[in-house]
Amino acid sequence: MFRKILIANRGEIAVRVARACRDMGISPVAVFSEADAGALHVRLADEAYEIGPAPSVESYLRIERIIEAAERCQAEAIHPGYGFLAENADFAQAVADAGLTFIGPTAAAMRLMGTKTSARRIAVESGVPVVPGTTDPLSSLDEARRVAAGFGYPVMLKAAAGGGGKGMRLVTSEEELPSAFETAQSEAAAAFGNSEVYIEKAIERPRHIEIQIFADQHGNVVHLGERECSIQRRHQKVIEECPSPINDADLRERMGAAAVKAARAVDYTGAGTVEFLVSDATREFYFLEMNTRLQVEHPVTELVTGVDLVREQIRVAAGEPLSFKQEEVAWRGHAIECRVYAEDPENNFLPSPGRITHLRSPAGPGVRDDGGVEAGAEVSIYYDPMISKLAVWGRTRGEAVDRLRRALDEYAVGGIKTTLPFFRQIVRDRDFIEGRLDTGFISRFFARRDAAAASTEVGEDDTKRRDMALIAAALDYLTAQQQAASNHQPQGQEQSRWRLSGRMALHRRS
Amino acid sequence: MKLIAEIAGAQHEVEIGRDRSRVVAQVDGRRYEVEALASRPGVYLLLSEDKVYECRVERGAARRESLEVAVGSHAYAVTLTDPKRLRGTSQSGAHAGGTAQIIAQMPGKVVRVLVEMGAEVEAGAGVVVVEAMKMQNEIKSPKAGKVTSINVAAGATVNAGDLLAVIE
Amino acid sequence: MFRKILIANRGEIAVRVARACRDMGISPVAVFSEADAGALHVRLADEAYEIGPAPSVESYLRIERIIEAAERCQAEAIHPGYGFLAENADFAQAVADAGLTFIGPTAAAMRLMGTKTSARRIAVESGVPVVPGTTDPLSSLDEARRVAAGFGYPVMLKAAAGGGGKGMRLVTSEEELPSAFETAQSEAAAAFGNSEVYIEKAIERPRHIEIQIFADQHGNVVHLGERECSIQRRHQKVIEECPSPINDADLRERMGAAAVKAARAVDYTGAGTVEFLVSDATREFYFLEMNTRLQVEHPVTELVTGVDLVREQIRVAAGEPLSFKQEEVAWRGHAIECRVYAEDPENNFLPSPGRITHLRSPAGPGVRDDGGVEAGAEVSIYYDPMISKLAVWGRTRGEAVDRLRRALDEYAVGGIKTTLPFFRQIVRDRDFIEGRLDTGFISRFFARRDAAAASTEVGEDDTKRRDMALIAAALDYLTAQQQAASNHQPQGQEQSRWRLSGRMALHRRS
Amino acid sequence: MKLIAEIAGAQHEVEIGRDRSRVVAQVDGRRYEVEALASRPGVYLLLSEDKVYECRVERGAARRESLEVAVGSHAYAVTLTDPKRLRGTSQSGAHAGGTAQIIAQMPGKVVRVLVEMGAEVEAGAGVVVVEAMKMQNEIKSPKAGKVTSINVAAGATVNAGDLLAVIE
């Protein structure tokens, strides 16, 4: 087993990987950009190497700096996390060339699954159903127009190198196509350094369901069931659950088998995820793509199957066989995860960078919060604004929703806007509670919410709560005033409390 | 002490007196006796008729008079005016007098400017696309009108509060 | 179902019960003493009632104040937590008399199981094996001497109304008996208002294993398996696990059946725990006592069985049938809990009250921290010094130990001493790792540790770490000095950080 | 700046200079270049030769010169002396000059006094039993000797630092 692993990432996933290292008695090494010198993922590491300025192209994406750090500290392996270099085959190759172990699949497998067009070709060849569309990047707007006309609108434009919904555009009519095509190409270029875009038939009211697979170097390939990730905003997942509310053992078995087939086709090793679209009506499923890395939403699978996926990644990378067999995988209860972003849900989810002045993470039965920040931390404009993943487990989906609602209410983040208020509304939404999900959930949810807001009367409780907010604001002002007036005068215990508060407040203002 | 508080566009009169942890307040004539505890900066635990309200007061990043008060899982944007001392905000921002100032709400990079000088735009039309945290955000015009000023070009780096364009 | 529940407790258990209420959509109401006005359990409640001065006899033990508060807020039920009034039959009766629901067994069942002598009699009558000893309180030192001579030393003196190890004394020879008898009586009087003491044969190298049972009002009585609580200090549990490292399904079945028998004998309802001593050699088990309440260590059972015990308590109290059948109870993986106390392990576990200046709770996969405090909170001298319960789950006991070690290392509490350093040593102890537990574990552990400390050389890493501690101390001093010198001068960003730090430091000194 | 630090009975010389986040220090002649970050009061993140040390500095409740420094999961009790300014602690407490002062280490109530004036006690013998947080703690004599002073009686409330008895 490795003695030392370098973690080529930041934020919550770097923390997550460091924890798995600690569990295994492996020393975790961090890398960090200038913006992350005091970050939690540095604090929880044994060693830490600065790899460049804040922008990720100058730090977290610099392959040679990262390998140099790994060599310097004599790490035996590199864990890429997700995002950044996690699906970069050149990185995997460079790590291998340096004589180090890349904790993930081979560069060859990554290349085959790395572009969606290639992955799609493999799926077709191995008999896994796919959505109608092109398998090659579009050469021009004209081609896009022609192909779309072939199977009719709505269609979906997708970045060939994309993931996480970035560079994806739904186009409902031919008129929208030119501007959408341009934007998709430009976002793809900005996000992935590759402007290639392809086109697919859009399936209406589809569910996004993915299968977690795991393969070792001894030919064992298993699946750990599905995750439903239908709740997406701007084609990015925000809530994921395991199992899908459909919870159909037969469907799980068929999708699992298809996912294992796709993985076998590329001699896959390590953790991977095969994404499918599932028609809610017919339960037909279509291969979308394969993510050749750990997913953001891996905790829900961990909570339900009991398997530590990161630990398993490390074991498998070290050449050990899988610690469990397919028939030993059991699903117990239900888990749901919310991605907590530093974004303002009241303002079109505009990113909300800044200093976290206050943080109360939820805890208690069934609650797991994988955070990447602490109180006092700065949420930077340079990186993905996800600050934590809140996951809950319950014996049933109903109990999981109950615990999620409670945990969200308990969660308090000050100083920045977060998506917590948005999640608090979702867990109270009838469709969500009843598991009626598809990728159009969010837009329908917004419509329902706006309709409800228009018809809601303000109750006595609401007035009182608002009045208390005003009283607190006034108290804060009063405290600051009195502090300014009586600075440095001897004071009693109770007053000194207020004084500290006032002083901090003034400080914050300066 | 008397203050004027604005919340969601409505004004409220807040009168407040404090004797150690005992606070007596009137909000628009509604009288409250409150037990208040400030154990941490900006965090006020209020007990009013045995009901618990944990309030967190945050100062806004952009405008200093605006506060964000969180009560449990509810949040309120409050603007305070002290008639004796503070000068109220004269609505310097958005749509004063038929003019809409398009302001950057966070630091980022301008990806595209979607309008031209003198063009007529609809309410809700995109004006500028700013990229931050890997997301492209289209900033829209709050009103229909004519573009009378464009203050940035594609590629420019902007800070929160920067004026991007003006629609009249 | 209830709309509102008053929680007649404080600290982590009040927080735990409030969370279960929230999960069920029930409004939780707190009570608090003057010392607890700003406590976490108050902050997480919808309503809160002050019930008296800090000493618990003037607040948390005042039955009439608590019932008055419940009536005032129109709560339909009262949850007693553990400790305080949880095993006080008069309280249960008073609650019932006031027309409210007591979330726990009937006063009659509590009375029968409430004194150990009565409980023992019931066990004997229902065919559950017991440890040789008296069933009645000792009338005098002479009687104690006579009975002890009957079965020989070592013997154990126990408070008739006791629990949690309070008022328990091991006596190894007749010479020790007079002083031990006096101390046991006086501690019993101080802790329980009842100085009655009885005597038992002490079983050597016994394991303390208890069975969680649950009964509804419809005659269903089930068990949820065992917890091993052999790691005790001063006869108080400090580490508990589920299952026992013995992990013997047959033994579990036999002990479970015995526990169910004891519960049926008193028409028990709700959650209860039957404690046994188990001979490590023969696997014979002896009934010790029954705790007619939720146990501190209930989370380990929750983690392994998936059942939310507090939620189940509330359901059962509301008259609903148990949400599961005996054959549906399944044990998955392994859970271990550490009770984190505000005590100084380097100073004979002397309580360490004070303000918590810094708090980093551990998180991540498999970690559950049930805390009762936040940073800034005051740990008072008036109450039990437990500040949190750290529980972990793993697929195997080995994985659970790995996660516990990591979580303990991550846990940081400033301002007070805690038992965390002690636990960090225990999880690295060979006997602990291999599950060789009995109630003598701690004293043998201390002996091993002292022997190891004597022979350990100081390495280069240790020197460097110590030097870093000195540098940090010097930096802190330097910062305070510079702050004093340059107070109120305009400063840049970096300096103002240091300034804030210095100012806080000065403040803390005042 | 030069300081004398005492840790576990041994003295160390600490010399330290700081230029923003760059710290150069010598401890007993061992030279360290350290990158130091103080993001929160009393919490110092030190990077020395790429090794990470998160240090938390706490001032002791009883004696102000004594600090508790936690580095990761290790803790050190440090007493600092500034030769230019601070006066070192002259070992005021426990066993100065053959005399053992029995001091209350936390607030509580005296349950029993186990010795009498003039009695001879063994090292490790119980002197006073103090109850706090529901636990009875027997305070033992650190040395053999004669009880020359008993300052409390059963039932008395004591605070941390109070002198309970003296053994000579």
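In order of appearance the chains are A, B, C and D, and numbering begins at 1 in each one.
Please note the rule applied: a residue touches a chain if its C-beta (ideal position, glycine included) is under 8 Å from a C-beta of that chain, and two chains touch if they have at least 3 such contacts.
Computed from a predicted structure; not experimentally measured.
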Most remote chain, CA-based centroid, reference being chain C: B
- request: Take the average of all CA coordinates in chain A, do the same for chain B, and state the distance between these two points in whole angstrom.
  value: 29
- prompt: In whole angstrom, what separates the CA-based centres of chain A and chain C?
  reply: 37
Message: What's the distance between the Cα centroids of chain B and chain D, rounded to whole Å?
response: 50
Query: Taking each residue of chain C in turn, which ones touch at least two of the other chains?
result: 409, 500
- line: Residues of chain B that touch two or more other chains sit at 39-40, 51
- prompt: Which of line, ring, star, complete and other names the graph you get from chains that touch?
  reply: other
Statement: Touching pairs here come out as A-B, A-C, A-D, B-C, C-D
- prompt: Can you list the residues on chain D that touch chain C in the complex?
  reply: 1, 3, 5, 7, 12, 14, 16, 18, 20-21, 23, 25, 27, 30, 32, 34, 36, 38-44, 46, 48, 51, 53, 55-59, 61, 64, 67, 69-76, 78, 80, 82, 105-108, 111-112, 131-137
- line: As the complex stands, chain D meets chain A at residues 35, 37, 39-40, 45, 47, 50-52, 54
Statement: The residues of chain C that touch chain B in their complex are 30, 37-38, 42-43, 45-49, 72-73, 375-377
Query: In their complex, what parts of chain C are in touch with chain D?
result: 166, 183, 186-187, 190-191, 234, 347-348, 350-354, 357-358, 381-385, 408-409, 412, 414-415, 420-421, 424, 463-479, 481, 494, 497-498, 500-501, 504-505, 508-509
- line: Interface with chain C, chain A side, in the complex: residues 15-16, 19-20, 22-25, 44, 299, 302, 306-308, 310-311, 330, 332-333, 360-361, 363-371, 374, 395, 399, 402-403, 405-406, 409-410, 496, 500, 503, 507, 510
